[in-house]
Amino acid sequence: MTQPVMDIKDIELEFQGSRTLIDFVKQRPGRVVRALNGVSLQLNKGETLGVVGESGCGKSTLARCIVRLYEPKRGSIHFDGKDIFAAGAKADRSYNRRVQMMFQDPYSSLNPRMTTGQILSEALSVHKMRPEGEIASRVAELLDLVRLPQDAAGKLPHEFSGGQRQRIAIARALAVEPEVLIADELVSALDVSVQAQVVNLLLELQDRLNLTILFVAHDLRLVRHVSNRVAVIYLGRIVEVGDSETLFSNPSHPYSQALLSAAPSLDPDDKGSAIRLQGELPSPLNVPPGCPFHVRCRHATDFCKIEVPELRALPGRGEVACHHAEEVSENA
Amino acid sequence: MTDITALSAEATIPQKTRIELALRKPGFLVGAFIIGVSAMLALMPGVFAPYDPNLIDYVAVKQAPSWAHPFGTDMLGRDSLSRVIFAYTVNMQMAILATVFAMTIGVIVGALVGYYRGVADMVFGRVVDAVITFPFLVLVISVVAVLGPGLINMYIAITLVGWVYYARLMRAEVIAQMGNDYAGAGIVMGYSDRRIIFRHLLPNAITPVIVYWMTDMALAILLGSSLGYLGLGAQPPQAEWGVLIAEGRNFITTAWWLSLMPGIAIVLTGLGFSLLGDGLADLLRPRG
Amino acid sequence: MAIIQYTLKRLLLMIPTFFLVMIIIFLLVRFLPGDPAIAIAGDRASDADLAAIRERLGLNQPLLVQFWLFVTNTLQGDLGRSILMRAPVTDIIFDRLPTTIFLTVYAVSLSLLIAGPLAFVAALNRNKWPDAVIRTVFQVGLSMPVFYIGLILLTFLAAQLRWFPVGGYGDTFIERLHHLFLPAVTVALYTSAIIMRNLRSAIIEVLDAEYVQFARAKGLPDRLVLGRHVLRNALISTVTLLGLSIGNLMSGTLVTETVFAVPGVGRLMLEAIFARDYPLIQGLTLTFAVLVSVVFLLTDLFQSTLDPRMRLT
Amino acid sequence: QDRGGVLNFARYDGSKLIDPIYADRNPDIWMVGSLFDTLLRSSPDGNSVVAGLAESHEMSDDGLSVTLTLQEGLQFSDGAPLTGDDVIFSLNRARNPDLSPWAGLLGSIDNVSASDLTVTISLKAPDPTILSMLATFNTAIVSKSVFEAADGANDQEKSASIFAAGGAGVGSGPFYLSGFEQGSSMSFSANPNYWKVGADGKALPYVDGVEFQIIPDDATRILKLQAGEVDAAEFIPFSRVAELEADPSINMNLYPSTRIIYSPINTREARADGTPNPLADVRVRQAINYATNKDALIGLVLQGAGKPMTSPLMAAATQLSSDLGPLYGYDMEKAKALIADAGVAPGTKITFTTLAGSADDSTIFAALQQMWAPLGIALEVEQVDGATRGAKNRSGEFDIHTYGWVNDVNDPSQVVGWLGHTPTAKAVGTGWENPEFNSLFEASATEINAETRADQYAQMQKLYADSAPLLFMYETPFAVAVSNAVEGYVQTPLGNNIFEEATVSR
Amino acid sequence: MSDTQPILEVENLCTTFTRGGVALPAVRDVSFNVGKGEVLGLVGESGSGKSVTLRSILGLSRRYGDVTGSVKWMGQDIAQMPERKLRHIRGRDIAMIFQEPMTSLNPLLTVGLQLTETLKAHTDMGRAARRDRAIEMLDHVGIPAAASRLNEYPHQFSGGMRQRVMIAIALAASPKLLLADEPTTALDVTIQAQILDLILSLADELEMGVILVTHDLGVVAQTCKRAAVMYAGRVVEQGDVRQVLRAPRHPYTVGLMRSVPQDVPPRSQLYTVPGTPPSLEALPQGCAFAPRCQGRTEGCLVARPPLEAIAQGRSVACFNPVIDAQGAAA
């Protein structure tokens, strides 16, 4: 359980807005979106790590870094002890086989002109997972695995419902027998009743295949349900990470507290004690100095405006990046 | 659990076949019909033309339409109908040859540039700017003037200039398609760039190119006949609509049929390609 | 302020483009078969005459030197003397350019006048008969060769009915409108078909846009919904397209000017090419390039005035 | 006699610069006479010269000098007097090889002097063409003082600036330039000081002016005439002649001309690409000449408005032309015999180079292809533009191509030199070389005995006809359609547009 | 029914679109009422017809499809009212907030103009007054420095602010009924809470009726007084929010409630409603939910159960309503 397969250290990533001529004239650099500002995270074998946070905080960017769609500016990612961005490592496509990603939009992640059968057999044959002759039978197995009818092999993505498409995406990822699955908002685009089906499938497969899963989502209840551990991201930085039950029942970072309390309860009479944050979301174009959350934080002190809090272990909790974590978690 | 059986029985979204939907559009049908007939005339003009298109008859010049010569005869006594029909071969060939190479080059360059971006894309941007700042016809005429008049040179000229338009379109579409996750999914799956570009992106990005191609074929016929009219295109006595109109223009008041018939042929074919293009746009769109 | 900076940026971006344009022009012209010296002196000139002429025109110098001269002279605003017209190229072009610009603007205005309202009618009656009729008519217009339409209009409207003069371009503004009506219509037939196609689909798209639905939900009168919310948005893409097709539009004037005997730069271009008038060809293509770039710039500026998202802050 | 009014004239191409010595294109040359006067003029039949600015002329017996007497009281169009100085200035300018492309035509002149009204031209050698030359556009008289006063560093620039400014004064022709718009229009106004008088005893011209519009498109030009927007349209395509002749409101004029249409044949042993040239064999050239039905061609291209060439070297209207007609009359049997004799393989490919965009050329090609097919010749077409055709002609990269000629000078030496004299232009680029022909031509250049010279020309024509370096085609008239309102307009055989006696009645 | 006199009565509302010659019954026989100051929640899966219902009420669906049934606004039927008259009710009496804050504002017009044009259409305020009102409204929805932002364009606002601008526009003319189509879906949870608070407080202050469309059951629980559940174009269950959430009677509602991962052991298999919603092109003959329903009978496959009242203010469209299902929040 505690054997890390993936070790993410302090990665930073910026998106460079194109430098306009005016920038040039004024001798200033182009606009920079600071999507990740030093994220460190370990992924343990066989666990599900949930990642939550507001829109635009960098969840997808992190996921995409892990599958090498983006290369971080600083920091490193080690998989099985090997640096995945080391020189020459990129040519090694086996990493892409072992670490798979599933995307939020089930429709756009499938080539609309390839049938399910083609999509799956392409994955199998490119990575030579099976001899040519056995590919057809393996496709059938995979369809079975994700509980799609056999006639699905001959159909195009648009002939499926959203949940089914997501299952095709899962089957494609599983085709190459990966060890790690990155699920970026896998079920967000689906309806509640369908969400449950896909989540069930994922949980079941994880048990059967001993998969490691990074589960990015914004539905807090869902993350809580599927994850062993959870990381909370705010403005490209992990503010809290810890055991799922502990973190949800007892968040330590003021932002985690606000986030969790904002989710409306299903009970009409439980009006909750939602913590209302003031102010607008700061944009990653303009990350505030010091603790990035201090602008909206009730507990902020002058010190928070200057010093960036490090992620540190809190006894009995997970790790928190807050100068005042102790008091805050007391009050909560 | 209940869901295993239930899931496999899940209804997939019923879908009318796209052909069926397209066939319901009268525009598409008319377009397909016109182009079908044109293709037939182009492939087998001899079967349909009543006379040898180049047979000069000194005594039967500029005869008005009659049963013997439904479109009349021209100033050399040649049968106009036969000439219009034989011109189908040249003009349809023009539609295809003047565009197909430009399209191929444009599609490949556009796809590569759109996929890789970077320096190549910047260079490409300048080339596009430079080419589109010239009026198309001016550039084509200059190139034809360099290479010498004639059909082959005209194709070369149009290709040299025309690929840019395809490449621009393709590039934009590839970039748009890159916004879809399936391209990213290909990378994540560890597929080679070539596979992603040509197997995944290209088939999806090519629809607008094909639709544009249809219009472009119509434009190629117009352009070709404009050049024929200016004497830079088809070689006489080769019957070509632009040349036929040019030949007949002096007689527009006295022997109107000489320019009218090829004029109608151009308009009809152009219309056919445009209608077909509009129809294909619907047909090729992945969702119904 | 932002506009000025933007313009500046666009102009800077044009530098490499123009350099490329100049290379293309230069090489194209030099590769033209046929000798400008023969074009000047005529078929009957002696070889010595030709050599003298080449010497005088600097045509016997190495290509690079010629190119350098071309670039430096052009930068100084000197496009050389036309071989054919025996006058400075700039003078000739400035003489003829207004006519072509007038014709182009006239044609575009006509097109907008014709296609604009009809596009609305077609879009509002989508897939009903007025739509079908309008689209077919314009489609036919798009499929007609310019020279043929020109010929027909000339023969019937001008020569036979005498509603319009056959050629020339008049002196006063009103006279020009009258004289250039047929050529403008000829060019407009193509342009309006493009505008109509585009505007129609743009309007249809905008009509379905959420913000138009929202505008209706606010209870705005139709006049405001269509005029303020629909038209403005639909125009943007149409104007962009129009700007982009300005090059082709000017191609249209090439043939039109020849058929209608309009003394513009289009016709001049043809003459220059046939006479191997190197300086004139170079000057004209450069002028075309500048003109088209200016139109692109104007389109961009227009777009950025209409569309605040395009504006620079 | 109707006087006044403006004549509207549709031209096929515009003048670029009308100056006697710089005019080198027909649209320029043909207008020089309207703005400038020459010392002598061609007689209406074209065979002799009559008085112009010089009321009399006299050639010395040894043929080494010409003495001319100017009319009294000559004025330029602005009223300034025209004197011997102007004549000296103009002739020196015209014979200066650094300035005038036509200077070679005046190469025999040694010196020009003038005293009072007498002008003396002394020659280096006898020159049978000198009188004709004094009636030719390039010797037209310009005003020395206007040139001296004009802006510009050299003569070219002065000429251009005078032309650009327009206005009276530089010439003494029937008109002066009163307006000019490059490539679109040009206006002439009547010269009030013109010396020639009309039938009514008053100074010519009758009209107040001529307005030219340039309309390159044939159909448009005719439409303008039909619409009444112009009074005259030149270069009517022959295919439209019959139609316009039938129009009661239009007079379709076919003016006799010196224009001939012919096709140079490459006579070199090998083509430019090194392959053997079947046309090097004179029998083949004769055969294709025989196989060409000229009457049929004339019917197809000119709708009958022309006639076959009768002299191989020039139009029948040219001095000294001999009538050898029918020159290679249509005779398919003879043609076949010649081809068989020459041993030409059936299916031999010959390329016919035509002018792109020329309807006439494509008709000629289509007809020739059919006419020569019985000879086993597969005629192929190559379309080029004018500049390329000229270059190909020079470099000998052609088999056969079409060409036309109109005399600029009222003397056959120019055309004969061009078509047959090898040193001049490789016999129109055909590469044909006949020493006898060349020496005859060179001798005739200084032969002042008219009879001997005529005999030399007759011999040259015979020689040329026999070896057929050309496909001899036909002569065409100048087709000008004018409305009924116009009378007295003429185009001379040399092509000059003469407006001085034209009238318009409205 | 509602405690107060209903201001909006929707009866047998049907909206049918046609696509490629096939009829798409997006809304079928929908009936409900909204009272003064009442907040009605409309839930259901994507494509169940929630948005179309709202748009049909305002007459915005006519252009695209066929609308039948009656929509009584203050007793007056507006379903068939001509556009010209209807437009005086739109925006003034009934206002609507659209689902997509990013695309529902015209990108080319300033926020100020888009705000004041509503006022201009429905009030006789002068220019200055309209401007003042606009500033007031922006202030109200919590946009700071409102006066200076009037001349800005939508793209200069964040998603949450755009949504608030839309709310400001909708509320500018003080409507008596607000149709809010998923006003918070596009937003973050922390912002969502702010917006819902705002709508609720305004409903309270102005006694404004609200129809709140959402698919988040939590939002319904926290904001609505009554709830209606839609499935395949029909209302399948309706009633007081507590009753509907705590004791759902329709099997679909039950499934919906149970598939929410709440109060279940972590990482256990969740309850699922098998299958997927039917396509509108091929609706089953009987109850649209029958193919997915575990309690279906033969009759369900043949006949359509009507929406019938089973208690005061509570109705269900099911032949065999679930008797004792435990709702998630039970």
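Going in written order, the chains are labelled A, B, C, D and E, and every chain counts its residues from 1.
Heads up, the rule we're going with is that contacts are C-beta pairs under 8 Å (C-beta built on N, C-alpha and C of every residue); 3 or more make two chains touch, one makes a residue touch a chain.
For each chain, UniProt lists the protein as follows: A = ATP-binding cassette domain-containing protein; B, C = ABC transporter permease; E = ABC transporter ATP-binding protein.
These figures come from a predicted structure and were not determined experimentally.
Asker: Count how many hops through touching chains it takes, at the least, to reach chain E starting from chain A.
Answerer: Shortest path length, in steps: 1.
Asker: Sort the other chains by how far their Cα centres are from that of chain E and give me the top one.
Answerer: D
Asker: Comparing the two chain pairs, does C-E have more C-beta contacts than C-D, or is it the other way round?
Answerer: C-D
Asker: From the C-alpha centre of chain B to that of chain C, how far is it in Å?
Answerer: Inter-chain centre distance comes to 23 Å.
Asker: Measuring centre to centre with CA averages, how many angstrom lie between chain A and chain C?
Answerer: Result: the chain centres lie 52 Å from each other.
Asker: Chain D to chain E: how many Å between their CA centres?
Answerer: Chain D and chain E have C-alpha centres separated by 90 Å.
Asker: Where in chain A do residues touch at least two different other chains?
Answerer: 161, 164, 197, 200
Asker: What are the residue numbers in chain B that touch two or more other chains?
Answerer: Touching at least two other chains: 3, 7, 9-10, 13, 145, 148, 230, 246, 249, 252-253, 288.
Asker: Which chain E residues reach two or more other chains?
Answerer: 269, 272, 274, 276
Asker: Please give the residue numbers of chain B that touch chain A in the complex, ascending.
Answerer: Residues 3-4, 7-10, 12-13, 15, 179-182, 184-192, 195, 199-200, 203-204, 286-288.
Asker: Can you tell me which positions in chain E touch chain A when the two form their complex?
Answerer: These residues of chain E touch chain A: 45-46, 158-161, 188-194, 196-197, 215-219, 221-223, 241-242, 245, 255-257, 259-262, 264, 266-267, 269-274, 276-277, 328-329.
Asker: Quick one: which bits of chain C touch chain E in the complex? Just the residue numbers, please.
Answerer: Against chain E, the touching part of chain C is residues 209-222, 224, 228-229, 232-233, 236, 306-309.
Asker: For the complex, which residues does chain A have touching chain B?
Answerer: Interface residues on chain A, with respect to chain B: 64, 67-69, 93-97, 100-101, 103-105, 108-114, 122-123, 126-127, 147-149, 155-156, 158-161, 164, 169, 172, 176, 197, 200.
Asker: Quick one: in the complex, what on chain D touches chain C?
Answerer: 16-17, 22, 24-25, 101, 156, 160, 164, 181-185, 213-217, 219-221, 223-224, 226-229, 384-391, 393-394, 403, 418, 424-425
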